[in-house]
Amino acid sequence: MRRIAAAAAFFAALGLAACGGSGGKSSTTAQTSTAAASHQPVTITLWNGFTNRELGVVNQAVAAFHASHPWITVKSVGGINDDKIIAAIRGGNAPDVAQSFTADNTGAFCSSGGWIDLKPYMDASHINASMFPQAVQTYTQFQGKRCALPMLADTYGLYYNKDLFKKAGITAPPKTMSELTADAKKLTVRDGNSFKVVGFDPAQGFYENAPAHYGPLFGANWVDGQDKSAIAKNPGWAEFMQWQKGLIDFYGFDKLRRWQAGAGDEFSASNAFERGKLAMAIDGEYRTAFIKAEHPDLNYGTAPMPVADSHPELYGAGYVTGNIIGIPKSSAHKDAAWELVKYLTTDQHALALLSNGLRNVPTTSASLKSSELTPDPRFKVFLDIFANPKTATTPITAAGSANQELFQDYVAKWQAGKVTDLQNGLAQVDKQIDAQLANSAGTQVP
Amino acid sequence: MSTAPLAQGGPAPRLQVRDRRAAKRKAAWRRRWLVLGLMSPWIVGCTVFFIYPLLASVYLSFTHYDLLSRPRWVGTANYAFMLHHDPQIWNAVKNTLWLMAIAVPLQVLFAFGVAGMVVRAKSGVGFFRTVFYLPTLAPPVAATLGFTYILNPATGPVNTVLGWLGIDGPLWFESPSWSKPSLVLLGLWGIGNTMIIFLAALLDVPRHLYESAQLDGAGPLQRLRWVTLPTVSPVILFAVVIGVIEALQYFTQAYVASSIVGGGAGNAADPANRLGYPEGSTMFYPLLLYQQGFRFFNMGYASAMAIVLLVVAFAVTLLIIRNSRRWVHYQGGMR
Amino acid sequence: MGAAVEIAQAPAPAQPLVRRRPPRAVRRKRLLVAVADHSLLIAAAIAFLAPFVFMVLTALMTSDQALSSKIWPHPFHWSNVSEVFDRAPLWRYTLNTMLYAGLSTIGVLVSSIPVAYALSRLRWRGRDAVFLVVLATMMLPAQVTAVPLYVMWSKLHLVGSLAPLILPNWFGDAFSIFLLRQFFLTIPEEYSDAARVDGCGELRILLTVVMRLAKPAIAAVALFAFLFAWNDFFGPLLYTSENQAHWTLSLGLAQFRTQYQVEWNLTMMATILFMAPVIGLFFAAQKAFVEGVTLTGVKG
């Protein structure tokens, strides 16, 4: 079934190629008014990042859109990442609608003019941004320009294997990082040079382990008031790094790496948590749907992520980010594209359908309470994290996620035990980030 | 020149001389047009795909350009960023130098050694030649994919076999100290082309040279030093130059290995985020150029990197060829 | 060198008659040397073949097996062959690769042969200087010109198609020109002169005399051009990655795992299928391969 969906998407992509060449020539301005009114048949392209089973769900929503807007045919192409979207915008071959997993790139899409400003369309359709919760509003605009809308959000929490918990005599999920460490040690089962079970793998770069996902748990911020990188100034980051290094040393970094190499792909049925080889993991709400489809018998629970020992008040909060969707400026059918964007981001039915299928958090305040949402206590945990006022996201910069990547590089060195002066290194990272941001903005580096 | 039939005997009146000259001129023009016609594909190609982009690169390297707005002149800011601020560039330069200093000589030596072994074989030369050449045919992407699996420290067959022998295999592509050696291994697997060239050169070494060396009482090592090496030295030079040029543009294997290995254990983020995995140990100069130019669309900066690459590539090649005069021997006045 | 040792055994002054049967010690030594030679060779051959064997074995495993440390498939999972085609549009990739490689090869031949001819068999002022420029372009790393060329193709709205990969090959390829020129130079001038006496123009000479005699070089150039395109990754990555309908095998395979989360066993199957045509081509045209490769190294 999944395969059929992938194949269908591919043939859709072929169709796109066949007609993409001529599409670019039609004049945009003339068409905007007439097409909308006359409902002339039009075909638009949607690029999205989903694959396999998830792409099937998106295509269901697209089919529902076509049913209610019969004059608009949508070619849905999955498996697209941001590099491709950006390259296509620069090359002038962008689709009519693009969806991205990486809200970090909102800044790049907005400031470059790659995605058009949606304000006029929203006004015309009487849609107000206030229908989305605050955090979600933040990551879909850049410097006051709204060039993206949120299409479902991801929040991160703790997944734990109940059977393994029972075996280790643990009754409740951990609430602080030191509890997490203690439980992880209890849950770990060594197997000669490797591990039968890893309690919790804190190595950054593995599965969903990224500093961004941990920041809110340590009360750590990325920037100061002047939009300068402030990683060294935030004690939370150092605390986070000390904690994760401590747990890594329990396993031995090289042993952990070796284990990771055979842990199985994150987004496949061989995922280590799904196969019971990893007892606890930080992951997004979507994992519930993967488990249901791939390992329905897995006995697991979900909870908010444990938080820093110094910040117990943060418990219940987490990291939130989301998919963003927008209209590349080269689109020849912007009105039709807007209809699709509007449908996928604000239509109650579409959001419920997508949320139920993908098990992503629906992004309008109203849809959070939709009766169409199928209840599931393990999923509900994530809706609560999403609603928590301390839940945070990453700042949007013009240089995309360059700041996170540079920091991640440093953390990679740190966890491998190659850093001697942690604080000094963090200050260096701040300098690097500021220099990189200045260079990509084309301003003189100080 | 095809004027021969005209130059027949008999007194040459003035008129005829003038005619002859005109015909000659006409022929010369026809010839010029012919050359121009034959050369035209290259003239167009060289202008459009070489001279223009080269000049444009120089210009763009002094600008900030993101392909969306027009290039904006920033003076030498890109070069200054490269020298003083880019946190990744020195690592990339170091890695590329490592390739040139370690991987290239190893490959040349290895190809020479394998060719030497094949030459010594008394039977099955064709068979062995085929076996050693075969891996060269594997497309780089396919070969790299294969190696990332074979060298997977947890599930790959190589570490399994090493385990049988009681050896605790390394982390290969997962470890910053083994990732480059893993790439070298991949390179050694594909030395077929160089090996074949060495083979041809070794078979060309005149036997009488060995015989007279033998008579002079030269041992095997001396024969290698005084007979074999001088005669194959042009091939060694060729292999080194090609190897260095390839090292300077080393891209595919490192891109595929780091994105596959990093992406396999990693998250759903873009595979390209994984360039250089682990810990930047496979981030080579061309990869960084690609990342800056075609992921960040920092095209001005990428152009500056390209210009530096160009200068270095020519300097290094010239240096090798110049130094080679001392140790490369061309037979029978070739060249 | 082994051969040299053999021949040099000859001067055994005492018994010229038993030259065919050297003393026992020598014979034994010779045998040992041969075995040593061959055992090293055989070991090396095994090492060279092992990766292929491992890839094939993995390609026939189940996904779980590929993730274990087992080496031998149990049972053999032949359905992987068909499954891999379901997981990714391999046929489409193959077609694109063929298109890229085929059209490039034709382009290289059509455009490079005349240039090489002019550079080798016609005398004109500036010829050597032009040849030096050709050599220089050969040394040029592809990354140097990538940025402006990308800008140029994107202005022409051709990024996302195969055109930026194919078209440059129709305007002379430096390496092919170099190779052909070197070979053309070895064709004795007498052949051309004879044809000239018969009243042939230069084009006729090129088409009939030179091209006929240069068949091995032309075959080699065609092979290299085809293989270059078949293996190329940087080009397709730059120009077609945003449009999956135009992906080549190289690009498709590199994204195989990350994009579709394809398991190792199927990845290896695809890898094997990607290698197979080239290896088949090699066995079909082994002579052209070896001659061609040798040709590249004759004159450094």
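Order of writing sets the chain letters: A, B and C. Residues in each chain are counted from 1.
As a working rule, contacts are C-beta pairs under 8 Å (C-beta built on N, C-alpha and C of every residue); 3 or more make two chains touch, one makes a residue touch a chain.
In this text, all values refer to a predicted model and were calculated from it rather than measured experimentally.
S.K.: Which two chains have the greatest number of C-beta pairs in contact?
M.R.: B-C
S.K.: From the C-alpha centres, identify the chain that is farthest from chain B.
M.R.: It is A.
S.K.: How many angstrom lie between the CA centroids of chain A and chain B, rounded to a whole number?
M.R.: Here the centre of chain B sits 40 Å away from the centre of chain A.
S.K.: If you average the Cα atoms of chain A and of chain C to get two centres, how far apart are those centres in Å?
M.R.: One centre to the other, that is 42 Å.
S.K.: Taking each chain's centre as its mean C-alpha position, how far apart are chain B and chain C in Å?
M.R.: About 14 Å, centre to centre.
S.K.: Please output the residue numbers of chain A that touch at least 2 other chains, ranges allowed.
M.R.: Residues 83, 87, 90, 262, 265-267.
S.K.: Would you give the residues of chain B that are in contact with at least 2 other chains, written as numbers and ranges?
M.R.: 67, 154-155, 264, 271, 294
S.K.: For chain C, which residues are shared contacts with two or more other chains?
M.R.: Those would be 67, 154, 257.
S.K.: Using the touch definition up top, name the residues of chain C that touch chain B in the complex.
M.R.: 1-5, 7-8, 34, 37-38, 40-41, 44-45, 48-49, 51-52, 54-55, 57-58, 66-71, 110-112, 114-115, 117-119, 122, 124, 130, 133-134, 136-137, 139-152, 154, 168, 170-172, 177, 196, 202-203, 227, 230-231, 233-234, 237-238, 249-251, 253-258, 264, 267-268, 271, 274-275, 278-279, 282, 286, 289-290, 293-294, 296-300
S.K.: Considering only the defined contacts, which chain B positions touch chain A in the complex?
M.R.: Residues 64, 66-69, 72, 74, 77-78, 80-81, 84-87, 152-155, 168, 171, 174-176, 261-262, 264-273, 277-280, 294-298, 300-301 of chain B touch chain A in their complex.
S.K.: Which of the residues in chain B come into contact with chain C in the complex?
M.R.: Residue positions touching the partner: 2, 31-32, 34-35, 37-39, 41-42, 44-46, 48-50, 52-54, 56-57, 60, 67, 114, 116-122, 128-135, 137-143, 145-147, 149-150, 154-155, 157-161, 163, 189, 192-194, 196-198, 200-201, 207, 210-211, 214-215, 220, 223-224, 228, 234-235, 237-239, 241, 245, 248-249, 251-252, 255-256, 259-260, 263-264, 271, 286, 289-290, 293-294, 299, 302-303, 306-307, 309-310, 313-314, 317, 334-335.
S.K.: For chain A, which residues are in contact with chain B within the complex?
M.R.: 81-83, 86-87, 89-90, 101-102, 112-114, 193-194, 205-210, 254, 257-263, 265-267, 399-400, 402, 405-406, 409, 412-413, 416, 418, 432, 435-436, 439-440, 442, 444-445
S.K.: Where on chain C is chain A touching in the complex?
M.R.: Touching chain A: residues 63-64, 67, 86-89, 92, 153-154, 157, 159-160, 241-246, 257, 259-261, 263 of chain C.
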